[in-house]
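One chain, chain A, links the two complexes that follow: it is found with chain B in the first and with chain C in the second.
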Partner chain A sequence: MVRLITHNLLACHAKGCTTNNFPLQFKDVSIELREAEFNADFLKGLLPRIEWKALVDAARQLGDTSLPLEQPEMVDDEFLKNLHHVLLEMHIEEGAMVCPNCSHVYAISNGIPNMLLSEHEIA
Partner chain B sequence: MYTPYLFQFAQVHEEFRIPELLSIAELHSFTVQIPEDIDVTRPFVVLGLESDDHARLLAKRCILIKSICEFYARGKNYDELHATTRTMPSKWARFVEDASFKMNVTAYNHTIPQTRARDVVEDFSYMGMLGRIDLKNPEVTFVCYEEYVDKHGTTRDKHEGDGEFREVFLGRLIEEGTARPLAKTYDVKKRKYFGNTSMDAEISLLMANQTLASPGKVIYDPFVGTGSMAYTTAHFGAFVFGSDIDGRQMRGKEKVPGIIRAAAHYGVDKRIVDLCTFDVTQNPWRCGEMFDAIITDPPYGVRAGAKRLGRKPRPPGSTPRPAVTPPSQPRPDDQPYIPPTKPYELSALATDLILLARYLLKPNGRLVFFLPTVTDEYEEVDVQTMLCEGMEVVANSLQDFGSWGRRLITIRKTTSEKYEPPSFKPTSTSRESPKDSDAPDHVPAHKDFRMKYFKKFNKDEYDT
Partner chain C sequence: MSRPELQAPPELYYGDTEAKKYTNNTRVQQIQADMTYRALELLSLPEDEPALLLDIGCGSGLSGEILDEEGYNWIGVDVAPSMLEVALEREVEGDLFLQDIGQGFGFRPGSFDGAISISVLQWLLNAETSHPTSSPPHRLTRFFTTLHSALRNPSRAIFQFYPTSDDQIQLITSIAQKAGFGGGVVVDYPNSKKARKVYLCLFVGSGGAQQVPKGLDGEEEV
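And now, the complex of A and B:
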């Protein structure tokens, strides 16, 4: 859990942290690879919401270089297969995500990230 | 062109029947013709469909459908029924020559003695079926249903009142409902992980159908709790995100989170995309228009109270709280920081939920959630005033518990305009929701539901 798809959809939301608050940086993470169910409609449906550079950077940081630096305009099967693997099959089980702007540490434990804010961080 | 079909419903959740089948019809892009004078409380209903295939799609997915037949005739008594049936031999003409067949004679609210059931079958001999009778694997099954009024609570002999039915129906079986047994599969009692707020399996399945869950869709539950609706939506092929302010509900006590364990038992864990701990009023979603549906059972304060980050206001006259400072030292790993929470009043939660759904849903996406209501005080306008621009109620079905009940509200996002995320400010209702200006002073009956519940819905006590 904490797949890269989720990582790509979450941003730091602490009070006043509105710029440079995405993507969160991985810290001391342990990764598991687990097979996931392939569904092209699901991938195509979410693709417009994905920040491409953040996804490629996160994947490379975790050692996967199957995605091109530029988002291809043509969506073929080969590309979808790689995208599927990066988005859904790499799970971060332990570690943390750190905001590049305010340095809030969002801990991940047993695959569930704790995105709660402390009292001084809520609006 | 619609032809009439005879629907037999399970005798539960009357108000959910039609919304459910309309949802499944929408999912498969066909329409159902519903008569204006429909009585949804009866177990047998005649509706118009365009083909047998549509009937099969409905019977395979709708939790509340027991069977669907091609409708032949109905009557107050057998004379009426036979008179109508005799006028339409074309309906079964193609089966006369060599189709193997059988006829079921059953009753609702009654047991027909076998001897009379046999006579009933004999009386249809004018249909002139020449094929072989086959009770196991017939090519054609005719069904004859007698509907009796509910005599529940009276003492009577087994066959007392035999033949005194309200109405009798005749049809040809198209498909038995095959989705009903799912309620057993997802039975909470047999689940690997559940909590005291887990949702009943049948209702969870009905909710999943209201979201139009299907393979490849993305569905989000912002109050996921122990995941009851995550399993059923994932069962129908959707990918599910869940979040909750209380991570303990999702995790349980073992290393592998409870929701994942239960989902793995059902074989749907691959479609639980992720679970996150956060307060939905302080949520980290980076963008909107992500989800095809939002499904949730918000906590309404009886078994679990809704919470949001922040502190409760202090009573007047007490010393003010010291200013909040960020912690100077990082906390050790084994002591996670638990931020303070304050109650989240239900009517504010409901309004915020709809605004949030408008932001997070794709156009045409659906929000499906339960709203508890006080039976004596509920008014249609309670639901209307929660709405904001671009969100429209599709269905509103009551599950009645007597003095209170809960309404399953299905809302569709009808707009494709982009909206800002809601502010979740306590005053946001009057500012952001334009419809509120029509009735600025309307207080919905679900406001302060928790307090009303614990005062046993005694108006005198809480109005003063």
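And now, the complex of A and C:
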């Protein structure tokens, strides 16, 4: 149940890993689509918090090309519908997220990413 | 019998059997629900604005179900895989993470509009090994520092928890303050042995200038 809304907020938290630790890279992922309730106000409130390039890259990696490379200045319904689908309806079920900096692998199993660090990785 | 947090670390204490037993206990459900509603009240989010919340120690999703009902988007973290399994079975809406909060979070700054935590913080007061990163002050510091950064400015984080002494409350609040939080402790029904509940109310940013809410008193609700 990792959705891209969550992936977009997530950086690596291993010890000493403070730069180039976002976004985590998907590896061997399988996804499932599940409908979610559309809420335009929630999406608009979220927009300023989103790292746009990371979101578009992640969506494209998962096979969705509906989002423009640049975040549009004018927000219309079609755009919000696409954004809704990308952020909230694509669920990563299996696979892993890999830190681009320290290469820590956060395995995803049954939709749940394992964020536990081993002792030497704890800050 | 001694308190759960003194018997074993949470991921061991809440194995498959205990996780199901806990979740299906109607008394537990009712108390957890009451405390979740109270935590949301203390969180005092702006009305009619959708929010993204962090549920710290979300367990089997008892609090998450209420967040779903109330229309919040949320992300839940818990260290007990068996609890998360039950949450999956119950089909809660939030994204679930297997995470030890004492190791800190990696969420980008300003990710969440608020955080709640029901019956969890006391688990951080017990060391599991002699390694320096597992001492309670170290874990609390790492937890509060990374949580503070993950929250928006202004916002709040509300923790219902079961301290065993004033020293514990003192330790927790002083570390939270060092991490940048304002706020303090709210005690509901302080004179009732059964209904007494402790909430740590933490404020980020200009929320810190606000008064700590008053505890409930008088007629007990439970």
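Assume the second predicted complex is superposed on the first by the 123 of 123 C-alpha atoms of A that agree within 3 Å, B and C clash if a C-alpha of one lies under 4 Å from a C-alpha of the other, contacts with A are read in each partner's own complex, and residues count from 1 in each chain.
Operating definition for what follows: contacts are C-beta pairs under 8 Å (C-beta built on N, C-alpha and C of every residue); 3 or more make two chains touch, one makes a residue touch a chain.
Computed from a predicted model, the values in this text were never measured in an experiment.
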Comparing the two partners chain B and chain C, which touches a greater set of residues in chain A: B
For A:R49, using the defined touch cut-off, is the partner it touches chain B, chain C, both, or neither? Pick first, second, both or neither. both
Check the residue A:T19 against both partner chains and state whether it touches chain B (first), chain C (second), both, or neither. neither
Could you say whether A:L10 touches chain B, chain C, both of them, or neither, answering first, second, both or neither? both
Considering only touches as defined above, state whether A:N114 meets chain B (first), chain C (second), both or neither. both
Kindly list the residues of chain A that each of chain B and chain C touches, one partner per complex. 1-3, 5-6, 9-13, 22, 36, 39, 41-42, 45-46, 49, 51, 88, 110-117, 119, 122-123
In the complex formed with chain C, which residues of chain A make contact? 1-3, 5-6, 9-13, 21-22, 36, 39, 41-42, 45-46, 49, 51, 88, 110-117, 119, 122-123
Can you tell me which positions in chain B touch chain A when the two form their complex? 215-218, 237, 239, 241, 243, 245, 247, 250-251, 255-257, 260, 270-271, 273-279, 282-287, 289-290, 292, 309-311, 324-327, 330, 333, 336-337, 339-340
Along chain C, where are the residues that touch chain A in the complex? 49-50, 52, 73, 75, 77, 79, 81, 84-85, 88, 93-100, 103-108, 110-111, 131, 133, 142, 146
State the interface residues of chain A toward chain B in the complex, per the touch definition above. 1-3, 5-6, 8-13, 22, 35-37, 39-42, 45-46, 49, 51, 88, 105, 107, 109-120, 122-123
